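Both complexes shown next keep chain A, but they swap its partner, so chain B is in the first and chain C is in the second.
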Partner chain A sequence: MNADVIVIGAGIVGSACAKTLAQRGMNVLVLDSQRGGATAAGMGHLVAMDDNPAELALSRYSIELWQQWAPQLAADCAYRNCGTLWLAANQEELQAAEHKGETLRAQGVTCQLLDAEGLRQTEPMLRRDLSGALKVNGDSIVYAPNAACWMLTQGGTRIRQRCEQVSAVEGNRVRLADGSWLQAKLVIMANGIHASELCPELPIRPKKGHILITDRYPGRIQHQLVELGYAASAHVTSGTTVAFNAQPRPTGQILLGSSRQFDSLSPEVEGAVLARMLQRALDYLPELGQLNAIRSWTGFRAATPDGLPLIGAHPQQPGLWLAVGHEGLGVTTAPGTAQLLAEQLLGEPSAIDPAPYRPERFLHTHELKEQHR
Partner chain B sequence: MTRDFDLLIIGAGPAGMAAALAAAPSGARIAIIDDNPAPGGQIWRDGVQAQLPAAAQRYRAALAAASNVQLFAATRVVAIAGPQQLLLEDDNSAWNVRYSTLILCTGARELLLPFPGWTLPGVTGAGGLQALVKGGVPLTGERLVIAGSGPLLLASAASARKAGAQIQRIAEQASLAALSAFTLQLARWPGKLLQATQLLDSHYRSDSFVVAALGSEKLEAVRLSQSGKIIEIPCERLACGFGLIANTQLGQALGCRVADQAIAVDDWQACSRTDHYAAGECTGFGGSELALVEGAIAGHAAVGEQHQARALWPQRARWQAFARQLNRRFALNPQLKQLAEADTLVCRCEDVPYSALAERSSWVDAKLHSRCGMGPCQGRICGAACEYLFDWQTPTPRVPLTPTRIDSLLQLAEAQVHG
Partner chain C sequence: MIELSLDGQLLRVAQGTTVAAALYLGGDGNSRTSVSGQRRAPFCGMGVCQECRVSIDGQRRLACQTLCRSGMQVETQP
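Our next item is the complex of A and B:
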């Protein structure tokens, strides 16, 4: 045995799993190939998403955990409780905002509706003819690469890290690139988009995204600004969509998203997609046009067919557990994912219903038997 | 808006001007773009106090007279917009340019190495100081120390003295043996020997390098290691010239092969990508004479004049030999990698100290966790320093290649994936 638990992937989800299990007394070995994944590329927006009850349950619960961790987070994690403004461009969207507010409040998420004038006062850089916004107070931002590092330091000597590329997984053992095998009581796969290289049966598709950051313009915006159409854009399952999403970085820079593409596997920044995304941003923040952009990059989200992550035992491989497929919500839901996984591993009662995230919804136990016959 | 040209030249320094003038008689439609307000590059930089040498004036006049060459000054390449198409930005607008053939003459920038105090006001690069002088900044009565390596130190000292500076010391890190060997070889290039004699200065010392810049709010003195002994010299200005690094970013982004930190070219100055050429400092440090002849070869080759291009090969070989001498004799002492202390800033844009980088495994790792290179200079300064200090490779640059107005990037709406 090389450890109690081997975690594949030191992104935000793998690091959260390592922290949570180490704090319950397990010895954890974290393997990472340093190829970089969604943690390094994403915006780090901790957001309560309510497209379906399971998404809201996991994101709400995770944000609570983030709030508990916040006082201890290292300064370079750049955690800020800036809140989210869901922007309504017209009366119809304002009704949608109202409805969203009811849904969130029903789950204990604090939020309030801003009318057009209230929104103008709160964020004067926004286009002036917006109808209002839903302000979600508990949402925050974090610099995810450093938050992942911080989590790994929270396990003390119980967490060891190695830079290794895993080339195969069989239940509770993993083969490294050099052909050697490591074994533990259990293996947790938390390597996001790279998971299907090791388990091709996982229903995970890469969804490419573009991001751009400006030079420093302190104080121009105060909240994470997202158009209400974002959720609709986020859940499209083909082609390319863009939605306005802007974040005030603690440095005074403005981080701009978002795009979603199913048809591209190249990490290259695509000018046409970038331009579409920026045009959308200008629709909401007209003065952005004169600000300087300094960098853009892309990343791939690990998308599942129903938009929910796979959290739980791999039904066909005893000893292998999954914490993958978080799409654009991995940073938000990493703490909840780790908690759900730990509770299942240890047979503890769950804080939220784990059923909607179980891998069994895509991977049936009996199919394996059929195949192996 | 999209403009079309047969030949597009990026950079209007000596190499770019020579390339344009060599290609102009062919009648090709030629554009030459440069991010400075006037052609000339760094060495022939114009300004209120600039005294352009005769050669520079001749090239500028010839360029202005060539009716098929259009110069776009104060214009930057911000993105690759298609297979043979670039997005350009100037102070007012952004536009696309399509080309059949491209010559990269993107020059070089100064290698700025971190040492304690290097970010104090009063400390600049040696080339930076020259730019200040040409721009009209008076140095009257200011005490100046120049440190680093190579002939640029003497040239900077000469122009600073003309601007009124009092030279306190010129600290050359190369050994006396290396300098003597270099001087003995100089007879092969009589013009250079003459230049060296004219620039000779009694404050010049070999085996000397900067250890720290001292001062609280601004520079007050410089601490030098001089033949193994530590000395301190009071001064108001310190100019450091540790050498030049080729500007390879655009070449890299276009998919041209880079070797030994420079754009790789063949005998025709052709890059690894068809219809793309490169000349001058971006293909390796060599000085303006080499840049001029390389530019001319590239210009001829780009319009299919192989014969004229080949005729210039011997001249190029002569200046390549000179460049080899320079690179060999002024190779940097590895001690210069040890100057930075734990709290010495390496990335000035993002205030990242040396200690935050030393523990990192690669440039990407360092960037992700320390923000090194994430500021507006996009790692042009600290990336080069890290390449030297830690042997890290910096990745292929992405759009925007330089800070760019978001309005300008909207023009990429029609962009095709480069490939």
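Our next item is the complex of A and C:
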């Protein structure tokens, strides 16, 4: 045995799993290929998403865990409780904001509706004719690459890391690029879009995203600003969509998203997609055109058909566990994912119902396969 | 010659001088101070590295991509 647990992937989800299991006394070996995916590219927005009850349950629970961790987070994790404003561009969207508020409040998420004047006073850089917004107080931001590093330090000597690319997985053992095998009591796959290389049966597709950041303009915006149409954009299953999403970085920079593209694994910044994304941002923040952009980059979300992650035992490979497919919500839901996985591994009662995230919804079990023969 | 202001000091440069060159001619060569408090200066000279961000008449601009104009106010602090 090379460890109690081998975690494949040192992104936010793998790091959260390593932290949670190490703190329960397990020795964890984390392997990462340094190819990147979503954690180092994304916005790091900790957001309660409510497109279905399971998404809300996992994101709400995870934000609670982030709030518990917040006082201990290293300063370079840049955690800020800035809140989210879901922007309504017209009366119809304002009704959608009201409905969203009811859904969130029913699950204990604090939020309030701002009318048009309230929104103008709160965020004067926004276009003046918006109808209002839903303010979600508990949402926050974090610099995810540093948060992942911080989590790995929380296990003390129980967490070891190696820079390795895994070339095959068989239950509780993994083959490295040099052909050698490592073994543990169990293996956790937390490697986002790269998971399907090792397990082609997983229904994971890469969804490319573009990000752009400006020079420092302190105080121009105060909250994470997201158009209410964002969720619709996030859940489209083909083609290219953009939605307005802007974040005030603690440095005074403005971080802009978002785009979603299927079936591209090319990391290049695409001018046409970036232009659409920025046009959308200009619609909401007309003065953006005066600001200086300094960098743009891309990343890849691991998308599943129903938009929910795969958390639990691989039904066909004893010893292999999955924590993948978090799409654009992995930074938010990493703590809850790690907690759910640990509870299942140790046979403990779950804080939230684990059923909606079980891999069985896409993968037949061995028994089922036998019956079908 | 063109007369501009660099951090409040008057500076005269030849027509066609970039702001990046003016930073060296009239100041300490630096364009800005980073988030971590380091002074930073032009590096690539071709508009890619973004190191030479500077305030020109209140707007953030790249010093290496901007030509000096008469009356221009260039600020490298903070």
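Going forward, the second predicted complex is superposed on the first by the 364 of 373 C-alpha atoms of A that agree within 3 Å, B and C clash if a C-alpha of one lies under 4 Å from a C-alpha of the other, contacts with A are read in each partner's own complex, and residues count from 1 in each chain.
In this text, contacts are C-beta pairs under 8 Å (C-beta built on N, C-alpha and C of every residue); 3 or more make two chains touch, one makes a residue touch a chain.
These figures come from a predicted structure and were not determined experimentally.
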When chain B and chain C are modelled together on chain A, clash or fit: clash
Touched partner set for A:276, first chain B, second chain C, both or neither: first
Partner chain in contact with A:329 - chain B first, chain C second, else both or neither: neither
Contacts of A:146 with chain B and chain C, given as first, second, both or neither: first
Which superposed partner A:40 touches (first chain B, second chain C, both, neither): first
Partner with the higher number of touched chain A residues, chain C or chain B: B
Which of chain B and chain C A:294 touches, first, second, both or neither: both
Which superposed partner A:215 touches (first chain B, second chain C, both, neither): both
Chain B versus chain C as contact partner of A:268, first or second or both or neither: first
Superposition clash, chain B versus chain C, among 1-9, 91-99 or 127-135: 127-135
On chain A, positions contacted by chain B and by chain C: 215, 290-292, 294-295
Partner chain A, residues of chain C touching it in the complex: 35, 50, 53, 59-62
Chain C-touching residues of chain A, taken from the complex the two chains share: 215-217, 251, 290-292, 294-295
In the complex with chain B, residue positions of chain A that touch it: 34, 36, 40, 76, 145-146, 149, 163, 212, 214-215, 266, 268-272, 274-276, 278-279, 281-282, 288-297
Chain A contact footprint on chain B (complex, rising order): 79-81, 87, 361-362, 364-365, 368-369, 374-376, 378, 398-400, 403-407, 409-418
